[in-house]
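Each chain carries a letter (A, B and C) given by its place in the written order, and its residues are counted from 1.
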């Protein structure tokens, strides 16, 4: 591997991988709770959250963005609950009302504020700019041991690493609560496992994962990684532990393969420029899910297996 | 009672009547509504300690709602609930609740053993994981319902009866003093029904209280010693021998139960059962 | 404000007027089809459809650009968008049918993967030699600024045709939404009806892409129907209300957006729709937040009043703080908890009503179980006077007193 790889590809690839794994970990619970589209909604409302935080603080500091987007996610979830209960409409419709409205508000705010000095626009919000997160100081593999060069790493890398640790820690610590309340909320309530609190904590984690990843890779990977690797893992195993492991494996595979295909694939085909890495990572995760739908050993559920017997 | 508890405060902050007794579950004036139609109106029910209670009534009579509202799973419009003379929330660890089998997603990636270990939630404790000791205890509970050989089977691959047994094993793992079960015999095979009844009778023989929402009128006399007849309101409650009468059944079910059926059920009174 | 009025009254130039009218027709059609989709509980399918249009848009652009040098012909883009959205729709159904995954996961997977692949194609387009690529990014958040006259006309005509198709198919749609089995018995193919419904949803989505953008077009099929739900429970009025709300939102959104540069059409349409929704949710006399909070409080008060009066009549002590408050406020008890004269009278009245209800339950158990507000409303307000009189005749005096 050349020094060019360390300078231009290593860091984006690592960031893509960290973002994908972070989202896939929490995504497992969303898919099992039939709340996959909460991930979709949260990823969309990150935009108004971040714009709102920018309007209030005047900066795009990571902490302000995280808090703004987490607040937006919580407001969105509360609004969805409210509309679902009062309007007596299905959760999907309530979700559709809320996240489109908040996203529209974000788009409008963005157009009406002067954000030209900071890197923030709708397209960036949708598909990020993974390729720009290069490490100029990383001149060769030996730079990995050079503190001066390491200090030049894009801030997204350590930030995502911390968020991944926080989320892995959250899932480990509250594993029992998460599993029990996902499987049987009424039972969880009866034994004092606080399913209501657990699901809000989960939403906060979803929001944190979404924002941290969103800044680096855009909301489209966030949604794809919340859903595709866990969904594919569902088709591979019937145990919770292996399910998490499969989803992480699929997330890593999508990120690395997607990045390589986006960066080098077009060159192999004779084109001169690369294509969007974020888009390609989402595409690869979709292809993995599609293969699992065709060949996954546990692709048929109990009901479908019974119907075909 | 060792000391009088003059005033208790329930979890929603209302003052409460002095607990009438240390009954495992005492419900006073409970009204529950979905929208503006009361599902339950002003229901009083004091469960005698150490009894086996059937909650009986037609569809939509509010049987499951009674349980869920008592356990704080659905909100109440009015009414108070105490368990063992204390607000329910303080004695939650002494109560095991078994929801309806249809209420969960059986595709969930978990084995029978995983589900039973969920019943050990309080025993394992906050921030801790299930250890060998917990797995051993869960296996013993599965053994008691005749499911030890299915411990590592994914729950979706079990039959309806087997799934209900797993739910019962989870409740056994809680090692409670009050067992509240929502339709434990719905959609299970005859062998499972016998096995469940035998486990429940064992529990009862150890002095524990069992409350079941029950839909099969023909077995009320064989399985239970107390009955609560419910149709939005409490129609009657008391020992099966004196309460499970043709007149009360007619009042509960109205025209939905043919007169001949009522006669047949009521005529099953035998001195042996009327203990 | 003057500019707003001018635009509102269609005086701001032929193009602006045409775009606003086209948007209104689109909004009406989207609201109408969205209502059926909502009743079928599949609202977010449109989210998958709209995101799945992107690869089709990209491919159509690439193909047209390489053939003619200009990839912006709107009809060609629409055909491409419809084809890839159709493929997305088929995949959502296929995943739901063939695997254990639930529909929400299938929708989320299709929308994110198709959109991701679409973005890959967009970056391919950016690298093409041909200029004039700017047109395609306006499909992301929607823009009517600088829309060609032919484009506006295409949108208006296509939306009108879709609206007409929805109008013709309203009967089978309603039947299938209301009762699938009954519809099947009546000889309506549920599968074919669903297919037509999804096809029209797809058509509206594709037509609306240019106006609202593919992230926000879904709002036009969801928000007006959900708002309409607050005003009626019957399907046909609901379709009309949703269509009207959709038309108003799209029209106002397009008009406001034409006033200044930094006013994206899609975002404004959605925000206007949300304001209409919010007004419906708060103010609707049937199910609005205000009305139902008041009803809930009244109901709770009624329950506590009745339970309290029964306790008074039986001489039982009352401990529930809310019950005590209600009785005090009605003047049924004094501050020290002793019943007043009015309280004793009301308690006796409630006991008479209880006796009537209990006799009614004994005589007509089935009807009693189905009576509305069973047990809380006085019987005289629920049943015809002759039945109440008959009950009173049968009540022996001591039962009333007890």
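In this text, a residue touches a chain if its C-beta (ideal position, glycine included) is under 8 Å from a C-beta of that chain, and two chains touch if they have at least 3 such contacts.
Only a predicted model underlies this, so the values are computations on that prediction, with no experimental measurement involved.
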The chain pair joined by the most C-beta contacts is A-C
At the largest C-alpha centroid distance from chain A we find chain B
Per the C-alpha centroid definition, the whole-Å distance linking chain A and chain C comes out as 29
Chain-centre distance (mean CA atoms) for chain A and chain B, in whole Å, is 42
Touching at least 2 other chains, the residues of chain A are 34, 234, 301-303
Where chain C touches two or more other chains at once, the residues are 100
Expected list for chain B, residues touching two or more other chains, is 107
The residues of chain B that touch chain A in their complex are 68, 71-73, 89, 92-93, 95, 97-99, 103-111, 114-115, 118-119, 121-122, 124, 127, 129-130, 154, 156-157, 170, 174
Within the complex, chain A is touched by chain C residues 38, 41-44, 46-47, 94-95, 98-102, 104-105, 107-109, 111-120, 122-124, 127, 137, 140-141, 215-216, 218-219, 222-223, 225-226, 229-230, 262-264, 266-271, 273-274, 277, 281, 287, 289, 292
In their shared complex, chain C is touched by residues of chain B numbered 14-17, 29, 31, 33, 36-38, 41-42, 58, 60-61, 77-78, 80, 107, 231-233, 250-251, 253-256
In the complex, the residues of chain A that touch chain C are 31, 34-37, 39-40, 44, 83, 86-90, 92-97, 100-101, 103-105, 107-108, 111-112, 122-123, 126-127, 220-221, 223-224, 226-228, 231, 234-235, 262, 266, 271-276, 278-283, 285-286, 289, 293, 296, 298-304
The answer for chain C against chain B in the complex is residues 100, 295-296, 299-300, 303-304, 306-307, 310-311, 317, 319-323, 361-362, 364-366, 368-369, 372-376
